[in-house]
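Structure first, then comments.
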């Protein structure tokens, strides 16, 4: 039973990864690509981590996997912010609220 | 199950290859760096699959290090040293 | 002989020759520093492909140790090359 | 079925590696070249795991994919926004065409010869390998990770000299002039990430240092992670990147080489050859050397990124460093990039 659950989660994760990559290739401009893929690949990794954690069945490994996911979430959110800021800065000058 | 994981790894590798196309094509540096981020995340996923596939628990450690370092190069790209142009406000 | 060994070994040789070719080309300093790094990475890949003994066996740890220190030394050498380039630019700006 | 799927994955990764190298070296735009190099480092880390070299993969993930990218991007700043003019200023006058053609032919010939030699050598491998020596003697080395055993025991001379090479490189960097200017204090978003990542990097570095005795890890990987923490601190506004100043800085730089020499000479006092540890002591001595080397390597790598001595900083930067402790977002007009 857990095997199937893990498999289904991993499969769903793969779909998100593929969706992210296709979005990266197909979407028209940088901001929409940023919007789409920072969600897609993080959800994809989350589902993959969930599937692998269930499969491993060992709480220590599961915790390490979740830690990897949380780190990727944080880094990718900040990276997306920095990249969008740089692009905006280049296009319209410094931002002074 | 191992066969399923292996095919999953192939799918992730293909997804990674698709992401690389955007790294090649850009057009802007931001586009490339964004795509490199996706390649990094996909690479982390691939490493997590390598752990059970190759029987190497240290593969997850490598994924952890990649995740820890993911933001460093993006930050180095986007932050500018004082005294350089673009920094005068 | 394993398939992956051959694939990655040949890729390493390709990268090594490519990097070596570009080191000697007339280009910006940064490009040549990158070329040395690619050539080095290709050589590392070749070494580790030779050390590989298949999925079920332990590989030869001696090349692993060499490459491990090589990566760290390559970073330091890259930093030195870039610092030299920076100094060179400062000197030519002064003139 | 399984071997074919693995072969497809391997082919994909290998082709991507060569394509990234090619495209990076062929690009006119320096930023493109650097981003492609970062992608290359990421893929290489995967390949190291695939080839059962997790020790190298850890170092590559930290250095190849992270620190080198940061170093190259900071050097790009010198080229004034990497303008084409800056590129041409450093490029010598173009060589004659036959020059390039000859080089290409020569390097392709080299690749073919090496390729044939490689495949031939794989088919005629000598069954007696140095690796067997390592595994036979590993029990006496004080550690159970063979790579650490080679680095810190069987070939400790090599590692000592490699640390000396790193030290020489960074002394060269120090001799070449003042440090690069620091970065302005960062905005709240990046600062928040730094506050999370720096402690985690230190903890993970400590874990890898400790694990290095029996699992993949060790001084080089731990040092690279500590260095990444320093690089993050510098990017967030601390011009010294967490490095101390004065005597403490110099002490850290030479820590690895010094620990090696002290241990090597101490075992000589006990009547043994240089760096030939007594079996009972080997584990502790290796851990002691590795701990010192971790700090030494980290300091060396951060100094290479700072590109100079950390104490040389104008007053302006001191303010930025204070802002790190108490982020003054209003005073800085928000996040600046």
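For clarity, chains are labelled A, B, C and D in written order, and residue numbers in each chain start from 1.
Going forward, a contact is a pair of C-beta atoms (placed from the backbone, for glycine too) under 8 Å apart; a residue touches a chain by one contact, two chains touch by 3 or more.
Remember, it's a predicted structure, so these values are computed and weren't measured experimentally.
Looking at B-D alongside A-D, one finds more C-beta pairs in contact between the chains of B-D.
With centres defined as mean CA coordinates, chain C is found 31 Å away from chain A. Separating the CA-averaged centres of chain B and chain D is a span of 18 Å.
Inter-chain spacing, taken between the CA centroids of chain A and chain D, is 27 Å. Averaged C-alpha coordinates put the centre of chain C at 12 Å from the centre of chain D. Across the assembly, chain A contributes 71, 74-75, 78, 82, 85-86, 89, 94, 96 as residues in contact with two or more other chains. Shared interface positions of chain D, i.e. residues touching 2 or more other chains, are given as 6, 48, 50, 52, 67, 71, 180, 190, 193, 197, 200, 333, 336-337. Residues of chain B found to touch two or more other chains are 14, 16, 33, 54, 64, 68, 70-71, 75, 77-79, 86, 89. Per the contact rule defined earlier, chains pair up in contact as A-B, A-D, B-D, C-D. Interface of chain D with chain A (complex): residues 189-190, 192-193, 196-197, 200, 333-337.
Only residues 3, 7, 10-11, 13-14, 17-18, 20-22, 24-25, 30, 33-34, 37-38, 41-42, 44-45, 48-49, 52, 55-56, 61, 64-65, 67-68, 71-72, 74-76, 78-80, 82-87, 89-90, 94, 96 of chain A touch chain B when the two sit together in their complex. The residues of chain D lying in touch with chain C in their complex are 3, 6-7, 10-11, 14-15, 17-18, 21-22, 24-25, 30, 33-34, 37, 40, 44, 47-48, 50-53, 55-56, 59-60, 63-64, 67-68, 71-72, 75-76, 78-79, 87, 89-95, 100, 103-104, 106-108, 110-111, 114-115, 118-119, 121-123, 129-131, 134-135, 146-147, 149-151, 155, 158-159, 162, 165-166, 169-170, 172-173, 176-177, 180, 218, 220, 223-224, 297, 300-301, 304-305, 307. Remark: chain C residues 1, 3-11, 13-22, 24-31, 34-35, 37-38, 41-42, 44-46, 48-53, 55, 58-62, 64-69, 71-73, 75-80, 82-90, 92 touch chain D in the complex. For chain B in complex with chain D, the residues that touch the partner chain are 2-3, 6-7, 9-10, 13-14, 16-17, 20, 23-24, 26, 29, 32-33, 36, 39-40, 43, 46-47, 50, 54, 56, 58-59, 61-62, 64-66, 68-73, 75-87, 89.
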